[in-house]
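One structure follows; several queries about it will come next.
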């Protein structure tokens, strides 16, 4: 099975993120693979370990994205495509268009990726890509079974329960982080990653002109980022539960107007 | 509720001694000032939290097999203090004197190692040269064949060397100092050092001004910035140093192994993780970020030494700051022009092993207002007087 | 003249609250609104949509639409957009909305803004505010090209006003075949008759501190007694202590109730991102250093097994 | 994270191609005294913030050039030739 895993390199959201004049401050930020995409890499590796085939990573962005791709290769992915692209103001629509171009003429059975990227938290790109490629989509899967080269059964976390969906390949599938626990890179994996093929493309290699890139190729734009008013720690109650709980509830009712 | 290891105190408006930096060196200085000299009206001020800097980021390797007489005696005192520290501080420091290998991969490095062994033995420090079959006996998984790019030609073996739990050292010094009345103030940032007529008057912090007659700077990588406040320029360049820890692995490595040619050192903790360190990054930087390049080169070099480790996985990597001196020896020094100001820095990649002796001698220097013989060679202005203490040949890895 | 098409969502044949929030929002902004109603045995809900201000209601009522199906729903929404001449499509940011929003947008050849918490509308010029970076930041966005605006709006971002049903002007949509490459076989429903997480005004959630299924079951009755939805952290769901449908967080349901009670939840970043929109947060945890206390308005440092019975007593007192 | 350094001759290259040499300082006059030369050889500003420094394109064109770089992050540095430093002043 040939699987393409689009991954996104994002600021590590576990650390402090700063904003200056409406923009995210990149200095001092450490960049990581978006955690849902790591889950997708792990899922793809498990599939190819069972059925054979290769996992190809796809990253779009500046030079630093090659580090994210190499980390994915160190986990065990077989090769990578890096679209070297410095255009900051690109929305999900624009990225999906670039990805659709990358897919042109390529051989793949499955496009597997995270349900959303950890920086935008938008969750739009994969489904848009599916539409542009006229492929079926299943988003937010928490399990897969009945793996075969032409299809599989997917378990999607829906609003009213787990939807069980049979799908014929090729298709676009996005993963929930409950799917698996991504593996860590081994020493050998880290070393071998340097020797794995990395194809570097520019948008012009893909036949894309300025009108399809950046803000011009996007449908939406971010005007500014802001730090939301952060929640402050409120009142703390320490001591015996038979005293602290009634005290807290009394305050909840009188101050916060709790009604049950 | 867990027992607090040290207490929070209101900041007093004056102390006898203010120590800047709450790492192993600052806390050890405070501890020995209180214990050995009865000076307890001390504040240790730390911009982040205890052990945030190099003390919490090093690979906790201890040894005393240095190259110069000054270095060997100093680190030997440090190692001996470490040997009794767990008992003295009533804290399990998990000190394991498992023996320390420095591998040689060339004739030149074997010559340097042989010289070191001779110097060490002359000063009573246990060091010997081992040949490859002897190394193989103690490290069965090591590759001593001539296949690697840098075949192993021998090693300097130093039986008293070993590893310790670095956090425990920091915490126990903090607790020991706290119990003797020292105040530890975390999240306190120094903004200026007040000097009048060539004498220290106090320290201005983000939490107010503290009056004092003696200030000790123990801030390692940030020393140039602190010393600028009293008009002293140091021979330091701050570089990051990266390290990593693997996931648990069967108990397998029972010694510390260092290869300066391959730029690596590693040891195994009691939990089974391999703690691995590298040389410093090749350009100065004040950021503590880890890089993929480090991971890649480390993996390649590690597998040259120990092919068996190919499946071991990396759990975490991090970086710390190193204040590198030109001669790879520390600076522990009074300052002629500023009475009451003491510098403790230049710990580069060799600081953690030196912290007990560093604290011991710094405390003595502060208490007696004169430089102890043990550290007479480590003055800050030795460079411009051409009195270097060359320890570059004894650094763990060729930086 | 802007015109909004609201994609209605139902559960067990009844409209869900977030859909009503969207119609109330359109009404408060004096926008002309229509809606599209898709499902099995849902036609009866058209009148309530009309009562909430929906002009025409485009209805697709078919047994084959019982379980969500991307391909069929996309075709139906696109059909309704075409017939209504809507200039905006509003969806909720439920799992259905998250799946459908980008597909509908791409089908119509336009972009989308998802998971919006604040909308400013001037004709079809829209400025939207939405959380990002695990809610560490918010971003203000807008559409840059002409054409249809596709937006999904977070549940609870706006209030639903009270309204009673009115006779609806319905238009039946023809039922599409759907994509033959996808077969939606079944839905595994774990429980019913429980309050939906994203509709509740009170949520009681449990974390790893409960120690297991038994611990979770120990807390659960309290949710019933308080009229609250029952939530859980990812750790609890992945360990199989509670079904996944209870999961609160960026990966599960994002909630913003009036009151959020966290029992034995330490507060991993993705959990905090999924509940920090709550108006009041109450945390009960043994570990005084747990990150959840940093966001809690009321933090009780203590044992949840001792605290829950006291909670139950106090709640009973309030009720009487 | 590593970064790309801008060589005034070759353009942006991976920083691993270059050697950091030293922070830039005015060289003392040839007849300066021992102390002045000692200070020049050993003492450093070691600045936390923007400093001017010498770099060498080791695996490239072998040029020596100056870089103005913020030592707390490596983004937005400026590279230029020594002669342009003179012009700046």
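Order of writing sets the labels: A, B, C and D. Residues in every chain begin at 1.
FYI, a contact is a pair of C-beta atoms (placed from the backbone, for glycine too) under 8 Å apart; a residue touches a chain by one contact, two chains touch by 3 or more.
As the structure is a computational prediction, the values presented were derived from the model and not from experiment.
Undergrad: Chains shared as neighbours by chain C and chain D?
TA: Shared contacts of chain C and chain D: A.
Undergrad: Look at the interfaces B-D and A-D and say which one is made up of more C-beta pairs in contact.
TA: B-D
Undergrad: Measure off the straight-line distance from the CA centroid of chain B to the CA centroid of chain D, and report it in whole Å.
TA: Centre separation, chain B to chain D: 29 Å.
Undergrad: Need the CA-centroid distance for the pair chain A / chain D, whole Å please.
TA: Comparing mean C-alpha positions, chain D is 39 Å from chain A.
Undergrad: Taking each chain's centre as the mean of its CA atoms, how far is chain B from chain C in angstrom?
TA: Each chain's C-alpha centroid was found; their separation is 54 Å.
Undergrad: Please tell me the distance, in whole Å, between the geometric centres of chain A and chain C computed from their C-alpha atoms.
TA: It comes to 21 Å between the two C-alpha centres.
Undergrad: Could you check chain B for residues that touch two or more other chains and list them?
TA: 287, 289, 292
Undergrad: Identify all positions of chain A at which a residue touches two or more other chains, and write them in rising order.
TA: 28, 30, 67
Undergrad: Name the residues of chain C that each touch 2 or more other chains.
TA: Each of 288 in chain C touches at least two other chains.
Undergrad: For chain D, which residues count as touching chain A in their complex?
TA: 1-2, 4, 70, 72-73, 75
Undergrad: Mind listing the chain B positions that touch chain A in their complex?
TA: Going through chain B, the ones touching chain A are 246-247, 287, 289-290, 292, 295-296, 299-300, 302-303, 309-315.
Undergrad: Write out the stretch or stretches of chain D touching chain B in their complex.
TA: It comes out as residues 1-2, 15-16, 18-20, 23, 35, 38-39, 41-48, 71-74.
Undergrad: Under the touch definition given earlier, write down the residues of chain A that touch chain C in their complex.
TA: Residues 11, 13-14, 17, 19, 24, 36, 91-93, 96, 115-116, 118-128, 130-132, 136-140, 142, 153, 155-168, 171, 176-178, 215, 218-228, 231, 233-242, 244-246, 248-249, 251-253, 256, 258-260 of chain A touch chain C in their complex.
Undergrad: With touch defined as at the start, can you tell me which chain A residues reach chain B in the complex?
TA: 28, 30, 67, 70-71, 74, 183-188, 190-191, 193-194
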